[in-house]
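Next up, some structures in structure tokens.
Presented sequentially are two complexes of subunit A, the first with subunit B as partner and the second with subunit C.
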Partner chain A sequence: MTSPMVAASSRRRPRVTRVALGVVLVVVLVLFPLVVPRPDFWVVSIGIRGLWLGIIALSLTWLAKHTGLLSLGQLTFWGVSAYTVAILATTYDLSYAVAIPAGVLLATAVGALVGMVAVRTQGVYFLMVTLAVSQLAYFLVLNAADLTRGHVGISVPRPEFLGLSLDDRNVFYYLSLLVAGLLFVTCWYLSRTPFGLALQGIRDSPDRMRALGYNVYLHRVAAFTVSSGIAAVSGVLALFYNGRVTPGGIDLMRSIEVLIVSVLGGIGALAGSFLGSFSLTTLQNFAQEDFIDLRRMTLTGLVFLLVLLFFRGGIVDLPRQLRVYARSALRLPDRVRGRHRVGSAPPTPPIATEPRDDPKGSP
Partner chain B sequence: MQQFLLILLNGLTSAALFFLVASGLTLIFGMMRVVNLAHGGFYLLGGYVAFSAGRAADSWVLGVVAAVVAVAVLGLAMHQILLRWFEQQDMRVALVTIGVSLILADQLLFVYGGRAYEVSVPDPLRGPVDLGFLDLVYPRYRFLLMALAIVVGILLWLLITRTRFGMIVRAGVDDRDMVSATGINVRLVFAAVFLLGAGLAGLAGAIGGGVFSLAPTTDVEYLLYALIVVIVGGMGSIPGAAIGALLVGLVSQLALGYAPPLASILTFGLMIVVLAVRPQGLMGRPA
Partner chain C sequence: MTLPPRFPPLFGRLPTLAAPLALVLVLTACGQSDSDGDGDDPNLDGGAAEEADGDELVIGRISALEGAFADGAEDGERGVEMVLDEYDHQVAGRPIRTIVESSDTTPETAVDRARKLVEQDGVDIIHGPLSGSEGVALADYATSVPDVTFVDAASGSAETTLEDPADNYFRWHSEGAMWAAPMGPYAVEELGYERVATLAEDYAFPHSQIGGFLDGFCGAGGEVAETFWVPLGESDYSSIIAQIPEDIDAIYVSVGGSDAVDFMGQAIDFGVDVPIIGGSILVDETVLGAEGEIRDAALGTVASGSIPTADADIPEWQDFVSGYQEMHPDGFDVPSNFALLYYNSFKSLLLSLEEVDGEVEEDGGEALRAAMTDLEWDSPIGPLALNENRQAASDVFIYEIVEDDDGGLTTTQRHTAEGVEQGDAVWERLDDCP
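Now for the complex of A and B:
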């Protein structure tokens, strides 16, 4: 029983086309800051923000794609690392060379702890538990004002290294791009390791994998830990992007936004996280600039609903979905006569799934 | 001692309100496996409608009725227009309700702004009650809230266990297809359950808005407490929601009284302990 998600993505386009697409994308991303007009807007508000948002969405997409677990709690680890780095660098005056690894490691460790509890649940339960965890983090940060300065948050200077400063927007952009690229390749590679394959097996049929001797629980905890580590890296980038970290950065709206980015881009392929982050950032910026006469969150919600209702594979699945719609539109007269339901969408990859074992089928 | 009793009463007030919110959530989940993450938004909408309609009609009762009806109709519309098409895909449905909650919260923020509102309660319902010992005085409205929660709880319990409708709902929880096969219009039952569940959220908002203020983050707060209550009590169980609400209400208020910085940690800690020991919740059945 292979997953329809994976099957769909590898069947869709020949390898050459995909490689060519990838090369074009990399070239565009590298040249991006050099060619766009109004770099303050495009490079900073869209480029860098899209990259760190894409990285945290990547952590969610990777987890969802390989384990079927859809999390609302990724910002928890993003927040832990951002706050740790900020506190170590300001209150304790440590250098970034120590603070950044410490922040990422601590956030990953917290991720492992949270994972131990959270992965005991699945599907919507997992969604609710991770939502609760992210809110716990939010209230903790608000309440521990001695350490986190409550609502005000902590401001940090941007680091300098090798004579380069992150205050330079191009330096920041290329660093983010490098980090995003490395994480993306790591995720892609992990999918092909025995570990990644075992995860996908567990996603499709935990009972069979258990029968084969795999420790399902530990695999899920490990996957959750990896994904929290990726989210932690995004937290560090976002800390320097904003120049500070506040509780507002990890409230529920933000958590939902990360989920929307992943779903919008498409859970079926890792690249979806970045497609989603760039699309959503651009869209929201245009809503702010009054090109679209709708409030920002209302627009975000509407786009999210649209994707869920009609384009459930997200942007990565858009060409196939459109082809399906075109085909069914051409066949529309037949279908009406044949009393098929016109409004029902054809089967497409699910967004995220319960384990596919039939509960009634097992004794 | 006096302080302890006051905190206890506050805990019971919170528990009563949490139960009202959570009962609708758990009812909808139990019957349809729909996790309505817009439930907090429904609560807030109920409060605002009760405030506005109550002021316009100059009647608290009309305000509450308007809130229940408005939210119930909105819930029904959401179910019929957005959710009905993929009943079997609980994850997708949950995501759709997130989208709805996002739009609802943003529009409410647009209409009502960032100010905090409180539903004005008529004088006979307000005022203090002297408990007659230890000089304890407690608002009458809060006792009424507790009484309402108990009445709603008993009515729901009777509805589920003693009526034909409840029988169908219980059968639907166990095996929806078989119920449908026996000739019962399951869709109609679903719609009724959604109407009832959303109406309960509206009622909770209208009543709760008289005790605690209504502001833009209120929806998140109550969604969160309702989720913790049903996770602790067991999804889909009304008695579970009652027990969960009592535990969460008492723990959160006692923590607020004696160790304020730990309040949120203890409340979430309760949930995590329950999840670690009994993932299906106290009264829940294994999935």
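Now for the complex of A and C:
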């Protein structure tokens, strides 16, 4: 009787706050470089790093959310684009105007090729195939020293455009923010296109979609290609952030780090990628201040475990999760009493008559 | 029907994003202001220059406490502790505080840590890192912060001080090619090996070792029969060993860690019947502690490296070893090269700081860097001084694996190459005499 109203109001209220919150978030992100103390550190090491790490996590989250495919190989495309841009710009002396699009395109093409093979598998097999691809890329750049300079990697100067130089931290930050924003909106928009809806249908029931005439395989390949394109853009930003690209940037630990960012932020929501990347970046930068024994990786691992064990929805889902825990904590006394009743032989009548705690029983 | 509403679609949860974000920001901000308010950390706020009260001297350190070299880095820390202990944790009346940041041997992490130390903690001096490619990246970063003084801890890439060396980057130890260089002439002149094959892992460090070795070896009249390159982590050497030519005097091997154990273990089995000579990573505790076939292959191996053997007749080195053993009963039996290199570099830094009365903030570290350029001192492995690229020349040691009194394996000193200078080439993968 009251439920329709409850539902309606609960649906409407978040929508208003959501818009308000979105505006606040955008304002905060835009003002960020102007208000933080020590901008050299905060804008660069937290801001820009958080943004490019967020973008690659976005590529993983978008793919996982819409196709159910969890990839450990996103850094492959990140690496392909970073290396392509670096090699074209240094060894072949091409301008960034050519090198950057070429890098992103090549990485996306590689993504399509990998996708053609990888999406034939699912679940843990997909995870393994993408992991294998990223390891392949790692050892390839490590060993193709003539092209990639092996361990040492390739250094590049930061580009200038329209009289603005990426050496200026604010220019770099706002450019990254703009790119991140555009990609975020693109992902969000794609989710609502027929393509995005078909993907979600395929995720939920590939057989039914196949019966409806959709080409499941092609849809998955397309989705994988889109996500590798997003990862490629992140690779270009990271190349200029680090000023270089080395095999260390795409090793196994980094691949896992991307997964951790997505899971930490919340793999079910696109915004989670950026929440996760900012949180992890902050955590890693401050973890060691006074706890040198608790090393960065150890701490990252512990946080990952905590999230997996107790907060599966990640940061995005934290408030709901906390509410659930709070609610069950409130019910604890009842349950203790309830159990006591079952356990002790002579039942105490007043409590026994109260069938309170049985949500499954209600219609 | 009065059930709580099901979880709304994920996007309905956007409002809840603010809380954690705010929490994270608030927490970090608090963390910051806490230290700001704390009189003990004057350098945590504002540029260190204006606000340091002249008392505490903060030194940022980057050490590879995670990843493949964690054990080595731990031992390096022991070397630094020895220096701090020697100086009673102060220099020129200023107490020393170190902020240790851990890297994982990747250049990206090393630069991130350095950036944090410089821009967040406001340090004027950075001591680190451990591994070669980290050093190249840090020296690159150093050019963008000219007022910060960098002292390399143990990294061994030639590029660091050869290609556009940064004015504020100092390296008090030799690099990979220098550690291998004396072995070339020694093999020809002392051991009488005129024709060798080489076997090495295919990455930067062994590239430079083979380069350093062949440069001297060919210069002394030696010739190369064949070169073999294996990927890092190769465990099966049978096919390589089968291809080793018959007419060679020795095989020069530069593989390390578990690869060295695998190679040594298979060498006799698959018919290596020529002497093995080696690079500075070939002989370590695992090889020396081995039994059976590895033992037979390892016995008699001659190699070169950055530190003397335990029995070396060098008083300063023996003092260092006993000091190490006394202070770190939980450490290795004999200090590793990381303990020594960290010790040397950190002590060079403190010696220079003493020269300038511990003053680094006011002149942007200029006096410190000048003092360091002029510094010469006698380290546990002999005299150290820098060249015009701020790269040290140092002694390199050649030793042989022999049987000790208990029938185990140990190393004995054969030769000391004095004051080995850095060459002028960054060696890439060589397939013949350079």
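Note that the second predicted complex is superposed on the first by the 316 of 363 C-alpha atoms of A that agree within 3 Å, B and C clash if a C-alpha of one lies under 4 Å from a C-alpha of the other, contacts with A are read in each partner's own complex, and residues count from 1 in each chain.
Criterion: a residue touches a chain if its C-beta (ideal position, glycine included) is under 8 Å from a C-beta of that chain, and two chains touch if they have at least 3 such contacts.
Predicted, not measured: the structure shown is a model, and the values here were computed from it.
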Inset, instruction - Record, for the superposition on subunit A, whether partners subunit B and subunit C clash or fit. - result: clash
Inset, instruction - Once the structures are superposed on A, label A:297 by its partner contacts, choosing first (subunit B), second (subunit C), both or neither. - result: both
Legend entry - Of subunit B and subunit C, the chain that contacts the larger number of subunit A residues: C
Inset, instruction - May I ask you to decide whether A:131 touches subunit B, subunit C, both, or neither, giving the answer as first, second, both or neither? - result: first
Inset, instruction - Classify the contacts of A:113 with the two partner chains as first (subunit B alone), second (subunit C alone), both, or neither. - result: neither
Legend entry - Which of subunit B and subunit C A:40 touches, first, second, both or neither: second
Inset, instruction - Would you sort A:178 into first (subunit B), second (subunit C), both or neither based on which partner it touches? - result: neither
Inset, instruction - Could you look at A:326 and tell me whether it touches subunit B, subunit C, both or neither (first, second, both, neither)? - result: neither
Inset, instruction - Using the superposition on chain A described above, determine whether A:139 touches subunit B (first), subunit C (second), both, or neither. - result: both
Inset, instruction - Once the structures are lined up on chain A, find the stretch of subunit C hitting subunit B; candidates are 8-16, 26-34 or 62-70. - result: 62-70
Inset, instruction - Go through subunit A and flag every residue that touches subunit B in one model and subunit C in the other. - result: 139, 143, 251, 253, 295-297, 359
Inset, instruction - Over in the complex, which subunit B residues touch subunit A? Could you list them? - result: 33, 35, 37, 82, 85, 89-92, 94-96, 98-100, 102-103, 105-107, 110, 220, 224, 227-228, 231, 235, 260-261, 263-265, 268, 271-272, 275-276, 279, 287
Legend entry - subunit A to subunit C touching residues, read off their complex: 1-3, 6-7, 10-11, 14-15, 17-18, 21-22, 24-25, 37-38, 40-41, 44-45, 49, 65, 139, 142-143, 145, 150-153, 155, 242-244, 246, 248-249, 251, 253, 266, 268-269, 271, 275, 278-279, 282, 285-286, 288-289, 292, 295-297, 315-320, 359, 362-363
Legend entry - Interface residues, subunit C side, partner subunit A - complex: 1-3, 5, 7-8, 10-21, 24, 28, 31-32, 35, 65-67, 99-102, 104-109, 111-112, 115-116, 119-120, 132-133, 136-137, 140-141, 157, 159, 202-205, 207, 231-232, 428-429
Legend entry - subunit B-touching residues of subunit A, taken from the complex the two chains share: 70, 117, 120-121, 123-125, 127-129, 131-133, 135-136, 139-140, 143-144, 251-253, 256, 259, 263, 295-298, 300-302, 304-305, 308-309, 312, 343-344, 350-354, 359
